[in-house]
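Handing you this structure, nothing more for now.
Chain nomenclature is as follows: A, B, C, D, E, F and G, assigned in order of appearance, with residue numbering initiated at 1 for each chain independently.
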Amino acid sequence: MSEIINGNPVFSLKEVAESIKRTLQTRYTSAFWVRAEMNRLNFYRLSGHCYPDLVQKSEGSVIAQMRAVMWSSDYQRINRNFVQTTGEPLREGITMLFQASIQFDANHGLSLQIHDIDPVYALGELEREKLETIQKLKVERLFGLNAQKSLPLLVKRLAIVSVSTSKGLADFEQVLRESKSGYQVDLMLFPSLLQGEKAALQIERQLECIASVAHHFDAVAIIRGGGSDVGLTAFNDFRLASAICRFPLPVLTGIGHATNLTVVEMVAHTHAITPTKLAEIILQRFEIVDVGLDRAAKILTKSLQQIRLEQHRLETVSLNMKGLTLSEIMLNRNRIMDKMLEIRFISRQHMHHENNRLGQMQTNLESKSGYQIWQTASLLSQKENDFFKQIPAFLVQKFVDIDHVERLIELSRPEKILKRGFSIVYHNGRALTDVDQLHQGDTLDIRLAEGRVVASATEIYETNQE
Amino acid sequence: MTKKMLYAEAYEELQLLVSELENGEITVDELADKVKRAAQLIRFCKEKLHSTELEVNMVLKELGDTPKTASEGLPEDRGGLSSDFET
Amino acid sequence: MTKKMLYAEAYEELQLLVSELENGEITVDELADKVKRAAQLIRFCKEKLHSTELEVNMVLKELGDTPKTASEGLPEDRGGLSSDFET
Amino acid sequence: MTKKMLYAEAYEELQLLVSELENGEITVDELADKVKRAAQLIRFCKEKLHSTELEVNMVLKELGDTPKTASEGLPEDRGGLSSDFET
Amino acid sequence: MTKKMLYAEAYEELQLLVSELENGEITVDELADKVKRAAQLIRFCKEKLHSTELEVNMVLKELGDTPKTASEGLPEDRGGLSSDFET
Amino acid sequence: MTKKMLYAEAYEELQLLVSELENGEITVDELADKVKRAAQLIRFCKEKLHSTELEVNMVLKELGDTPKTASEGLPEDRGGLSSDFET
Amino acid sequence: MTKKMLYAEAYEELQLLVSELENGEITVDELADKVKRAAQLIRFCKEKLHSTELEVNMVLKELGDTPKTASEGLPEDRGGLSSDFET
């Protein structure tokens, strides 16, 4: 098979290719799972086959690259499964888990034939991607910006981004139109594709357009009919999301779907799960205002109540004043009456008291003067008694004294003495009391009580001689 | 100076006389005169009291004759009283 | 200075008289005059009360004649009152 | 100097006589005279007392005839008394 | 300075008068004048209430006449109302 | 000088005599005379005493006839006594 | 400065008035004016609920050559009302 040229075996290209193919076939006998980013899908509408470019990046640069092939039948199946799980068709730019086998073709070289794609893994990847978008919006301080716009109380002028043929839009308009209260909401459509690769860009363009005439509108509504959950990718687009965040008017969304919220819905001012719902939300605001106005009108009639109340208060004050005034007069009248009675009582009492005092004085005067006279009289008679009582005693004493003296004198009489046997001896006419001058023989004249005797002294003895 | 005696003075003198009597400070020589004076004073006081009583009673009676509540109508001739009542 | 007496002054004087009487500060000599004065004061107060009552009653009666609720119609000639009512 | 004797003087002299008698200061020679004097004094005092009593009683009786409470009406002819009563 | 009185002021003054009355701060001398003033105030307040009520009623009646929903047809001549609505 | 002897002098002389007698200062010779003199004096004294007693009794009797209490009424004819009684 | 009154402002003012009314914070003096003002505001707000405001022609004109719109038949001429409504 191989020729020898210049001593060296030389292989034809085909031989080499077949050799490689053989080697690969013996080496890679079964399919295996590969993780790679699908850089390009390269779907060929005619054949229905896809020839995706797979890459692996590290820190921004491609470190591995490989072509792949997905045959039409595989693609149909895989895409169906993918949509079923993730809610969107296969798309480029996300990392997926492929089941593949190595194919080598002499013409086309090495490629991986994709047999299956794990949609669950892709789902995670999509979610991660979404999170990255949100993260990025947050980092750029855009997230939640639109929500801060104030939505007018009444959303009367609404710019709509939708497809003119959208069932969702029709529903939305119908709800608004059929509002029983006849509220007026003016709509202006800015048509745009809502799914597919160009959707995000178109929406963004229309938003730019609306922004240029923003002063005519109260808000923008992005409306997409319900039913299919497919093709929501545009609503996770970073550029669109950031445009919505920065949009000068409040952005409302009515995007019908069943899966998780898209980033656009997250950053919108208000989101409703269906266009119908959004219309209802808008009408509800009208309703609230309308009810508020009716209520206000009703409350205005309350002012009449206030007037009644005020009238009542006035009436009460008036009655109060009346009562108080009359009672004040009554009070004073009673006071005066009391004073009068008091004066009457007290002055009478006063005079009565004075009268009693005078009576007492009179009684006192009578009794005291009578007593004075009586006492003086009794003192006088006391003195009289004292005096005259002493007189008889005085005189008796004098009589007694005299009698006493008389008795003494009586006892001294000589006759009385002589009678008791005493006698007096005279000599020369003198009564003798001693024998001094007497001489023997002197004549003595002796006097007795009865009779006299004349005698002579025969013997004379001195007293001490006896 | 001759002035009318006051009840109060009369009563005071009377009290003095009676207390002198009570304390035996009045001799028999003065007694009659003092008692006479006291009697005079008592009589004066009684007179005074009586005349005062008559006067007061008359005033009070007049006052009591005015209707209790003014609203029951006052005699016409009293209308001028309040306006005459100045200080 | 001659000025019309006030009820309040009259009442005060009356009260003073009564309390003097109560405390026995008035002698028999003054009694009649004081009672006369009190009677004068009482009469004055009664007069004053009466005239005040008449006046007040008239005002109140007039007021009562105005309908209770303004909505029942006010007499026409009172329309000018509120505009005359200035401070 | 001749002046009417006072009861007080008479009584004092009497007391002196009694005490002289008690102290034996009176001689028999004076006794009769002294007794006579004492009797005279006693008689005088009694007279004096009696006349005073009569006078006082008369005054009091007159006074007693006037009712004790003035309110029971004073005799008319005494109306002039208080006005005659000056000091 | 002469200015029209306000209801609030009138009512306040009225209440003050009544509370003075309640607290017995008004003498009999002032009573008649105060009651007159109160009556004036009451009458003024009633007038004011009445005129306010008439005005309010008219406004409310007008408001009630406007249909609740504009779709039932607005009277033409009210088109100008909103344009009159300036501040 | 002849003058009536006083009881006091007589009694003194008597007492002198008695004391002389008691002291034995009188001789038998004088005794009779002295006794005579004493009897004379005694007689005088007794007489004096008797006459005094009579006199006193008479006064007392006179006085005793007047009632003890003056209030029981004094005899009329003694009214003049007090006025005669001058010093 | 005349500026178009905003619906929100009008509604807010109304709400304020209503809550003042409800809380009785409006005096009688202000009542009529406030009620008038509230009625005006209510009327204005009601108008707004049912009126058309979007001036499609103007929008298209402003957008110039970029009218990508397939406007589905807007009312022709309601623009005038809202522009008359200025504050």
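The definition used in the following text is that contacts are C-beta pairs under 8 Å (C-beta built on N, C-alpha and C of every residue); 3 or more make two chains touch, one makes a residue touch a chain.
The structure presented is a predicted model; accordingly, all values stated were derived computationally and were not measured.
> If we look at chain B and chain C, which chains touch each of them?
A
> Taking chain B out of the count, group the remaining chains by whether they are connected through touching.
Without chain B, and with every other chain where it sits, the touching chains still make one piece.
> Considering only mean CA positions as chain centres, point out the chain farthest from chain D.
G
> Taking each chain's centre as the mean of its CA atoms, which one is most distant from chain C?
F
> Of all chain pairs, which one counts the most C-beta contacts?
A-G
> For chain C and chain D, what's the span in angstrom between their mean Cα positions?
Roughly 68 Å separates the two chain centres.
> Taking each chain's centre as the mean position of its Cα atoms, how many Å separate chain A from chain B?
One centre to the other, that is 75 Å.
> Once you find the CA centre of chain D and the CA centre of chain F, what distance in Å lies between them?
Each chain's C-alpha centroid was found; their separation is 34 Å.
> As a quick test, compute the distance in whole Å between the mean CA positions of chain E and chain G.
30
> Among all residues of chain C, which ones touch two or more of the remaining chains?
Counting only residues that touch two or more other chains, chain C contributes 7, 11, 28, 31, 35, 39, 42, 45-46, 48-49, 51-53, 56, 60, 63, 70.
> Of all residues in chain A, which are in touch with two or more distinct other chains?
181-182, 297, 300, 303, 307, 310-311, 318, 325, 329, 332-333, 340, 343, 347, 351, 354-355, 358, 362, 365, 369, 373, 376-377, 380, 384, 388, 391, 395, 398
> Among all the chains shown, which pairs meet the touch rule set out at the top?
Listed by label, chains in contact pair as A-B, A-C, A-D, A-E, A-F, A-G, B-C, B-D, C-E, D-F, E-G.
> Spell out the part of chain C that touches chain E in their complex, as residue ranges.
Chain C residues touching chain E: 6-8, 11, 45, 48-49, 51-52, 55-56, 59-60, 62-63, 66, 70-71, 74, 78-79, 81-83, 85-87.
> Can you list the residues on chain E that touch chain A in the complex?
Chain E residues touching chain A: 11, 14-15, 17-18, 21-22, 24, 26, 28, 31, 35, 38, 42, 45-46, 49, 52-53, 56-57, 59-60, 63-64, 68-71.
> Please name which positions on chain A make contact with chain G in the complex.
Residue list for chain A touching chain G: 152-154, 156-157, 164, 173, 181-184, 186-191, 206, 209, 212-213, 216-217, 286, 289-290, 292-293, 295-297, 299-300, 302-303, 306-307, 310.
> Can you list the residues on chain A that touch chain D in the complex?
Where chain A meets chain D, its residues are 351, 355, 358-359, 362, 365-366, 369-370, 373, 376-377, 379-380, 383-384, 386-388, 390-391, 394-395, 398.
> Which bits of chain A are touching chain B when the two form their complex?
Going by the criterion above, the answer is residues 333, 337, 340, 343-344, 347-348, 351, 354-355, 357-358, 361-362, 364-365, 368-369, 372-373, 375-376.
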